[in-house]
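The structure appears below as structure tokens.
Labels for the chains are A, B, C and D, by order of writing; each one numbers its residues from 1.
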Amino acid sequence: MLLSEVVTSGPDFFYLAPWLVFFPVIGLLINIIFGGRFSEKVIGTVASTASGLTFVVAVLLALSLRAHHEGVTILLAEWIAIGELQLDWAFRVDTLSVTMMMVVGGVGTLIHIYAIGYMHEDVRFKNDPGRFRRFFVFLNLFIAAMMILVSGDNYLMLFVGWEGVGLCSFLLIGFWYEMDTLARASTDNAMAAKKAFITNRVGDFGFLIAGMIMFWAFKSVQFDTVFEAAHHIAELQPGIIIAITLFMLLGVAGKSAQIPLFVWLPDAMAGPTPVSALIHAATMVTAGVYLVARSAPLYMLVPQAQGIVAIVGGATALFAATIAVGQYDIKKVLAYSTISQLGFMVAAVGMGAFVAGMFHLVTHAFFKALLFLSAGSVILGVERGHHHGHHDHDDHGHGDHHDDEKSEVFDPGDMRNMGGMRKSMPVTFWLYIIGSLALAGIFPFAGFWSKDEILAEATALNFTVYILLAIAAFFTAFYMGRQIWMVFYGKPKHEAAEHAEESPPIITVPLMVLAALSILGGALNLPGVGTFTHWLEMTYEKFDLHLHHGEFNLTVAITSTVLALLAIGISWLIYGRKSVTFDQADPLKRILGPIFVGMENKWWIDELYWAVILNPYIAIAKFTADVIDWRFWHDWFHDKVIAGTFNWFSKTFLDSWIDQRGIDGFANGLAAGTKELAQRLSGIQTGFVRNYALSVFVGVVVILGYLILQ
Amino acid sequence: MTPELITFIFLALISVASALGMLFSRNAVYSAVYLIINFITVAVFYLMLGGAFIAVSQVAVYAGAIMVLFLFVIMLLGAEKLGNNETLGWQRPLAIILGLGLIVEILYILFFQANEIIAVKDLPEGFGSPASIGTTLFQEYLLPFEVTSILLLVAMVGAIILTRQEKKNV
Amino acid sequence: MLPVSYYVGLSAILFTIGALGVLIRRNAIIIFMSIELMLNAANLAFVAFARAHESLSGQIFVFFVITVAAAEVAVGLALIVAIFRNKQSIDVDQMSNLKG
Amino acid sequence: MNPVLNPLTLVTFFPLLGVLALFFIQSDRKNTLRWTALITSLITFGISMWLLAEFNAKDPELQMVINLPWIQVAGWNISFYMGVDGLSILLVLLTTFLTPISILSTWTAIEERVKDFMLFFLLLEVGMLGVFLAQDLFLFYVFWEFTLVPMYFLIGIWGGPNRMYAAVKFFLYTMAGSLLMLLAILWLGIYQDTFAVPELIAKGGIPANIQIWLFLAFAAAFAIKVPMWPLHSWLPDAHVEAPTAGSVILAGVLLKMGTYGFVRFNIPLFPAAAVKLAPWMALLAVIGIIYGAAVSYAQKDIKKLVAYSSVSHLGFVMLGLFALNPQGIQGGILQMINHGLSTGALFLLVGMIYEQTHTRDFDVYGGLWKLTPVFGTLSLIVVLSSMGLPGLNGFVGEFTILLGAFGSDAIGSPWYAGLAAIGVILAAVYMLYMFQKMFLGPEGSVVEEVKKHGHGIKDLNLREIVTLVPILILIFWIGLYPKPFFALMAPTVDKLVAAVQAAAVAMH
């Protein structure tokens, strides 16, 4: 079933597939074992090389695929085999998985390199240079897990990667586990990490249930076997496919931060910026999109489920975009933007536009990574400026500086501390502009092509979703414009922004590569040429899927471009001419009133979950533990009722003079009962030897008498 | 009434009387002397039953050595007499009743239930003589005999260790 | 020849007297003597049965019993001496540490 | 087979040699005592490796059988009957594996009455191995009860402040259940004329209504031992009071005796009753999973949290066993091993930190990862294994169990497995809660407290790492390549499942 196909012609590097996982594992092992003696540069190089090699492998695999359109499966080892359950460690190489591999390997490597520079400073700001190595170990672990996720040949191996990246996410969000985002001693980051893992687990629960239904329906969880039998099952019991796809959607919602499980992603920004870029924007969170795209043969069978997925995606896209408008933290804005963009992708793959969804996944990986990393560069710049300012400040003694108080809790990520930074950080500024334009979907940046493809497909497939997405696109352009004005234009609102310094090349060079990709990424799938479409269809052909081919729709393109430009214009009207500071409310608040308060407070979703799920659970758990289990079951039932009953019984049954001290357990009761009995019996035990002898004598006489009488 | 029966009854009365004397005399020294008498009568019974060597051993070891040891210890400790206040009130009557019961039971078995064992035949020449005992002992019972020597050795060591004066400062 | 039962009956009476001695007396030495009496009663039965069965084994057994009795007396008296040193008494009723 | 050179008797009774050796060592030579016990247990482990080498994984029957007449009076037919098959081999290996590790963990923790401790520990090993190898009900019962004695003393002498209460409760609670089992054993032995389990299975023919009563009588003993909800009340007491090594063995092996009893005796001896009662057992198991998870989360005491987590984990094992299909039972047996490893390791880790801080209260901990990176990392791996992260051992067991239970004909509804899967979420909740409370966040007050008494909190030393590494290797091994483990039990489990299914068919 799973044997790799015999290769007949052409260069063939398929056997390299397992190295996608082995390289990063080797890298992290080297860093764990020898890292203690390495300098930061060596550690970073080892990790980056390991990651870079996976990209090389991915490219080689892509080249090999030209001769084997339908893809191959490389069997590594048998994993679990019980009766009908046959699971293997097997790697699936086809155009879909290779696309993901290249994104993970490529963007991953760039972020590794960037992180060498970023973490060098970050660990120093936070006074723990020893943690540099740990970061790269985790990062390599993430690459390994992500590669397992995208290259698995069955749902369970995919699940291994799925939870593996969740673990890495947990570890990296909680990287600075002893502080909050402002480096104050706190459990905030740790709580954010835990929140991410547990929310993901809720999604994984759905995945697990889907897997179990699938196994008992198909007697397999291997992709090809399942997809081939799906038609048959769908005719007999369509309910099963619907159940599988909807439970899977729960998993998607967890991992790709969709409604209702998106709440963890904004908090995940507690991780260092490269983590936000790599895991929480470019790769891991897109795993859900990949899962739906991978399961296309299942989803295509059940339009009802498809509709639900598309609506969830569209709603998330709009909902998160509105929240992004009300945020002040530079990374939080990007986080909600990511949720929103993931909504675009999920909506796309949900309604059956798998190519469009995957295309947006790729371009989004480029420009969102670029944005996050640039934001990181901005934060570092402000941070440098802040330190600089502090030194100046110390020279002047304790002057009556206007925000001496605030400098205690200075937040380098808050946009209200920035302003006018296009002058102090020009390179970063231009990079940021490129990323923003790509995200906003302005011609000819990558985002324009991919987003428009989704919107064009939506007009044909699901108009409700189109409306949702179009509004979301408007908000996207608006909040990006707002961010640009607040960060880079106007006057510096804090001396830190004034003194901000540009980042070194190790940080900016990877950004430039990403910027180039963000500009040119659209070329992957230009209308009419459709390279990417053909590429992905190689995988889908196999299952005879009749995918909808969206044509380039000029009306849609013009509409969205106009909307985007309009949004940027409005944002200039509101934010471009006047700085927003801590002292005054956001100008939009005056316009929108309570609606803006909702956006600012994330529509109180977190509070809602606390009130509806978490607090009740904690209360129930505490009640069960303290009252039911301990006071009722342990203390009352066992120690009082059972022991008490026994005690009473032994008292009346044995004798009235049994004292009743300290009998507080069934066990103790029985013990005490035994003791009482023993004390009574010990009356016989006089201690006089002659007495004992007498009892022996009695025995002799009685037995002898018995023998006589017998 | 054969002479043998008369001898037996006579000796049996002495034997039981001396045993009772040992049992009831207040003074431990008297008890010891009564016991010696008892042992000697028993030795005579052995003779009557054809155990010449055993009879002599009985007199020499029991009546002689062992009882001397008893007397020696009694004198050493100076504990001939004890008060007669019985601590366990019902022990004595119960013991006597049970004792009588036991005797009745055994005699009942012997004379009413079991067949009377009568050894009518004359004994072969030399039965129970030192020579025949020695032959049996060193042929059939050689190993137990040798083990007995170890037993005696252990008893000796044990007696010495038990009576050793322990150092007070331990 | 007298029936061997007579000897065995006598042995039973002597044994019972010995047993009563153990049960009634409190003087450790007398108890000890009573034990010797019981051993002797048993010996008598042995010899009587040896006579009845014309086997020397019974007499050999008596020989061993005498040996064991000698050893026992040696150790037993040593114990009594040791106890007397501790308690200044040979009243067995005072040795009731095992009382429950 | 020669009963002396048989690996089964050898592995079971070899620790007695160590006990004998311990008698001749002076009590104050503590290190000699420790080394003697350690080497004894290591040799026992070596013998169990020999046992494994002799074991033929393809044979579903009992192997290396010893069957000697033992007590044959008054028509009773009791024999000294030992054998090993796929159901027990892994548990035997787990026992011999965890014993040296536990002994190693006591190196500095036990300073008083070392000799007695080691003595009881080796005796305990004899009892546990006997339980897993005995194939005669009477012999089994003897070993079963025998294990109580050393454990009673381990808790009662070296335990915490409330140790007597815990020890007596442990003893009497287990004893009470065992009595019912004894009655059932006697009934079987008298009416079926043999105590030998294989013969009893071969004879069969017990009417279904009587089977149910016998099943329940056996279940009483085993369910208390497991412990199944709601009979778990003794567990937190015993765990909290027991010394570290005692907790490790208690969680690692003694609890498995209960689950093992179900799969060795209840299911094959009373297949009709097992099929009939499977939904009820599954229901109790699922309640145990959720209940244990919820109660764990609300604990303030680290050891109690781990103890309640055992209730949850063993609920999974029970659910798997009563799925009565190959996936469920194999997963259940593997999960016994997994729980032994993960929870054993958790108790070891808790013990290691407790030795330094002398408190098990969550609230005073925090930020330990920074101070003790090795300890933190190893703990993380164990915590992840315990909460069933794929790639580590816990997942393989949990997944196969859930999968088996989901499609089980005996349980009859996927709802049980669906609810049990919520336990997977809740496991993450309480396990991460524990990890976060102890290792993440700012430094807890205990750090200062320890500093006051000299040096601060130290990371693991070499001995402690050596104690943990074998467990970690197995955690990864089972997670990534569990095939050899499944292969050991597969034929026996298949045979068992076939027998149960035959009984189920006969019922209808």
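Here is the rule we go by: contacts are C-beta pairs under 8 Å (C-beta built on N, C-alpha and C of every residue); 3 or more make two chains touch, one makes a residue touch a chain.
What you see is a predicted model, and the numbers here were worked out from it, not measured in a lab.
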Any idea how many Å lie between the Cα centroids of chain C and chain D?
-> 57
Rounded Å distance between chain B and chain D, as computed from the means of their C-alpha atoms | 63
In angstrom, rounded to a whole number, how far apart do the mean CA points of chain B and chain C lie?
-> 6
For the pair chain A and chain C, the C-alpha centroid-to-centroid distance in angstrom is 91
In chain B, which residues are in touch with two or more of the other chains?
-> 87-88, 91, 95, 99, 102, 106
Which parts of chain C, given as residue numbers and ranges, touch two or more other chains?
-> 19, 23-24, 26, 93
For chain A, jot down the residues that touch at least 2 other chains.
-> 686, 688, 690, 694, 697
Hey, how would you classify the chain contact layout here, line, ring, star, complete or other?
-> other
Quick one: which chain pairs are touching?
-> A-B, A-C, A-D, B-C
Per the touch rule, the chain B residues reaching chain C in their complex are 4-5, 8, 12, 15-16, 19-20, 22-23, 28, 31-32, 35, 38-39, 42, 45-46, 49-51, 53-54, 57-58, 61-62, 65-66, 69-70, 73-74, 76-77, 79, 82, 86-88, 91-92, 95-96, 99-100, 102-103, 106-107, 110-111, 114, 116-121, 123-124, 127-128, 132-133, 136-137, 140-141, 144, 148, 151-152, 154-156, 158-160, 162-163
Please name which positions on chain A make contact with chain C in the complex.
-> 678-679, 681-690, 693-694, 697
Residues of chain C touching chain B in the complex = 1-10, 12-14, 16-21, 23-27, 29-30, 32-34, 36-37, 40, 43-44, 47-52, 54, 56-57, 59-60, 62-64, 66-75, 77-82, 84, 89-91, 93
Across the complex, what residues on chain A touch chain B?
-> 686, 688, 690-691, 694, 697-698, 700-701, 704-705, 708
Which residues, counting only chain C, touch chain A once they are in their complex?
-> 19, 22-24, 26, 31, 92-93, 95-100
